[in-house]
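Two complexes, one shared chain (chain A), two partners (chain B, chain C).
Here is the complex of A and B:
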């Protein structure tokens, strides 16, 4: 489903002394079937932005369109239909786990929408997120941090949504788990044409997986841009205090300090090591 | 400073032990990173360091003192712990109250409280949010507050349980630099649980947990072994290892890109 934000502003606790303008006149569009990273510093408005996509917040001004649904300050009558198609994983998985055991947790969404899910399908999803089957019978509160994150992701995937909204889905995952989960999202995008929007602080993840990047800075949106173009945009990086992925920082340092210039074309660390050796032999 | 002697732990109603025969010690002023897969026992281990969990078998000493029912209150004043979910440790109704509450608990004189709280919030980049309710902070701001609250208490030992997972890269770097600074000034012992192997390069030593057991205890520079435990090397360390394998004289693991380029440069300029 296509997503578009039309001049959206959002204010927390409007009309109180704690009023906070979290989004300022945000307009952007995200095409169906793409994978978009949302980045920006702490408190820049990322979570506020993506929670508009499944109607957890209504814009104070402007409108949000998701497929045929339009959300304004008056909300949306068919919000339940929207949420069936737009799955959301929260920044803190604890905020979405409340059932007695993990099996019930996974069945909660389908039950709510009147869907049947077979045991074999549950096991399959569990496998995809890298959880052992015995965890199904445990209480969500008896899990480690990373296990909770994986359960939260599984409980959204079980609904087979058309749009996946993920708030820092890889925070707290071990390195192998990070790769597994990001590869899973990528394959859902490619094979099932899912639209994936995810927040991350890991710039290498952005470079590896994103078709497009949106940057938030003090409640204002910049982009979208292609990752490589974004990381070449020095002014924007400086203005928004963003970091480059490690590989690009390294290549910059190499050029600035030693005058060795190597172009980045998705080389692996091993391939780069070989290139550096070659350049070293020549000099 | 911290000593675990054959510690095993079993959660009630669970079939398997979460910790099995754990032995290690960490000396005063040392910075140790703890790595390991999801569910390998890291948080369980951390909760033993300030007596939140009591070993099923074995014993623990903190600063020479055996951790038991009598000593636990005293030990908690010296061991500051930042939980994996910062929301579990908020007690105040505003950001400033939350930090001050911790200081009241350790009996700090009133005049010093405000100063310390201000300083700590400034250090963590939350200076303008004193009156905000902790639960109205963004995800990363919550983590910053949790860390600020513990740093303000100036404990002898700081245990950070994945406390930086939601910080932006600049914020993370600032925090690591802050830790390094206060560690030098105040000889604070730091235990940092993390999945970020690059972050672990800041520590003096790493301990890797594997299914409740210690899989590795030593310097990260022996990082060839790290993959055995489900950990991938981040780009910079993978490149470092690859260069070393190709005969580059790598003297130390780089904390950042500049430190690797410096080593390459030194090598070429002396060749």
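Here is the complex of A and C:
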């Protein structure tokens, strides 16, 4: 589903001494079937932005279109239908688990929406997130942190959403776990044409997985841009206090200190090493 | 939930904000006692004037306070009606369906809801102008003499400040869990009473589990930093009375003294 924001502004606690403008006149569009990273410093409006997509917040001004749904300040009557199609995974989603076993936890969403889920489908989703089947009968509270995270993500995927919104899905996971989870989202995008939007602070993640990047700075939108173009834009990076991914930092250092200039085109570490060796042999 | 203001602190620079928390606590405490001693229109008039004067002085729009006390209005209306129906004092002047309406009941109903209103308004003025930490500090200092009776005053104050400290955290957490479950299709605004009661479980179970986890983390963190209770501890923020405290304190004491002497 296409997502578009038309001049959206959002104000928290309007009309009180705590009034706070979180989004200023944000207009952007996210095409169906793409993977979009949302970045920016803490408090820049990222979370407020993504929570508009499934109607957890209604815009104070402007409108949000998600597929055929239009959300304005008056809300949306068919909000439940929208939420069925837009899956949302919050930061540390393992904190929302509550059922007595993992199977019930996964069936919680489908039960709310009146959907039937077969056992084979459950197993399939379990394989997808990389959990062994015997975990299905365990209590969610006896699992490890990484397993809980996967259960929470599976509990959203079981609804088969068309749009997947994630708030720092890899925060606090080990490097292997991070990669596994991100690969899962990428494969959902490629194989099932899911539209994936995720918030992250990991610039390497952005460079590796994103088709587009949306940058937030003090509630305003800077972008969207393609990741590589963004990381070439020194002024924007400085203004929004963003870092470059480590591989680009490394190539910059290589150029500054040794004078070897190599363009980054998604090479793997080994391919880069080969290129550097080649340059070394020539000189 | 966000507009509910009981217990919320609004930073401003007003006379009342600058008062020592002990002064404010003592004033509010004696005010509450005086409310229950009040017995005449003049007495209530003075109390009302005092309450509105302090509400005016704190520089927070009254509209904001009135809106934040919305749930309290309902309780007031409820007590008013209850007293109207069930009090049997004075002369009955109307009788509807076996229920008599007495003139004493009307006075009683007004009196009780007025007392309730004053109580809430004054304590709200206190919490709007004083940080929770300042209030606990004041409680600890004021209860200081009880230490001699082996009352664990410091520990009580510590428990109080910890619970106050975690109210906003738990509210945030609740907000997040509510949204997460709403995204999974949980509906707690429509349906039968039984359905809605059931819909509360997916919110409260995670909330409680997280609260226990937090409590454990905090205990470990306190232990790790060598916390030993009141033993040999000095204060970072020393409480000090200023001229303003003496002036306002004296003013309020005079008002209350006149109040009792004239027997209003």
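Please note the rule applied: the second predicted complex is superposed on the first by the 277 of 283 C-alpha atoms of A that agree within 3 Å, B and C clash if a C-alpha of one lies under 4 Å from a C-alpha of the other, contacts with A are read in each partner's own complex, and residues count from 1 in each chain.
Criterion: contacts are C-beta pairs under 8 Å (C-beta built on N, C-alpha and C of every residue); 3 or more make two chains touch, one makes a residue touch a chain.
All of these numbers come straight from a predicted model, not from anything done at the bench.
**Student:** Quick check on the superposition: with chain A as the shared anchor, is it clash or fit for chain B versus chain C?
**Tutor:** Pair status: clash.
**Student:** Have a look at where A:277 lands relative to chain B and chain C in the superposition and call it first, second, both or neither.
**Tutor:** first
**Student:** If you stack the two complexes on chain A, which partner ends up touching A:185: first (chain B), second (chain C), both, or neither?
**Tutor:** neither
**Student:** Tell me which partner A:69 touches in the superposition: chain B (first), chain C (second), both or neither.
**Tutor:** It touches nothing on chain B or chain C.
**Student:** Counting only touches as set out at the top, which of chain B and chain C does A:172 meet: first, second, both, neither?
**Tutor:** First partner only, chain B.
**Student:** Between chain B and chain C, pick out the one touching the greater number of residues of chain A.
**Tutor:** B
**Student:** Have a look at where A:249 lands relative to chain B and chain C in the superposition and call it first, second, both or neither.
**Tutor:** In the superposed model, A:249 contacts chain B only, not chain C.
**Student:** Is A:209 touching the first partner chain B, the second partner chain C, both, or neither of them?
**Tutor:** Neither partner.
**Student:** Taking the two structures together, which residues of chain A meet both chain B and chain C?
**Tutor:** 13, 18, 91
**Student:** Considering the complex alone, what residue numbers of chain C touch chain A?
**Tutor:** 2-3, 10, 12, 60-61, 64, 173, 176-177, 179-187, 201-202, 205-206, 209-210
**Student:** In their complex, what parts of chain B are in touch with chain A?
**Tutor:** 11, 14, 36-39, 42-43, 84-85, 87, 125, 131-133, 136-141, 144, 162, 165-172, 195, 197-198, 230-232, 234-236, 238-239, 242-243, 245-246, 256-258, 260-262, 264-265, 268
**Student:** Along chain A, where are the residues that touch chain B in the complex?
**Tutor:** Going by the criterion above, the answer is residues 12-13, 18, 40-43, 47, 91-92, 94, 142-147, 150, 167-168, 171-179, 201, 203-204, 241-243, 245-247, 249-250, 252-254, 257-258, 269-270, 272-274, 276-277, 280, 283.
**Student:** What part of chain A is in contact with chain C in the complex they form?
**Tutor:** Within the complex, chain A contacts chain C at residues 13, 15-18, 51, 54, 56, 80, 83-84, 86-88, 90-91, 93, 95-98, 108-109, 112-113, 141, 155-156, 159.
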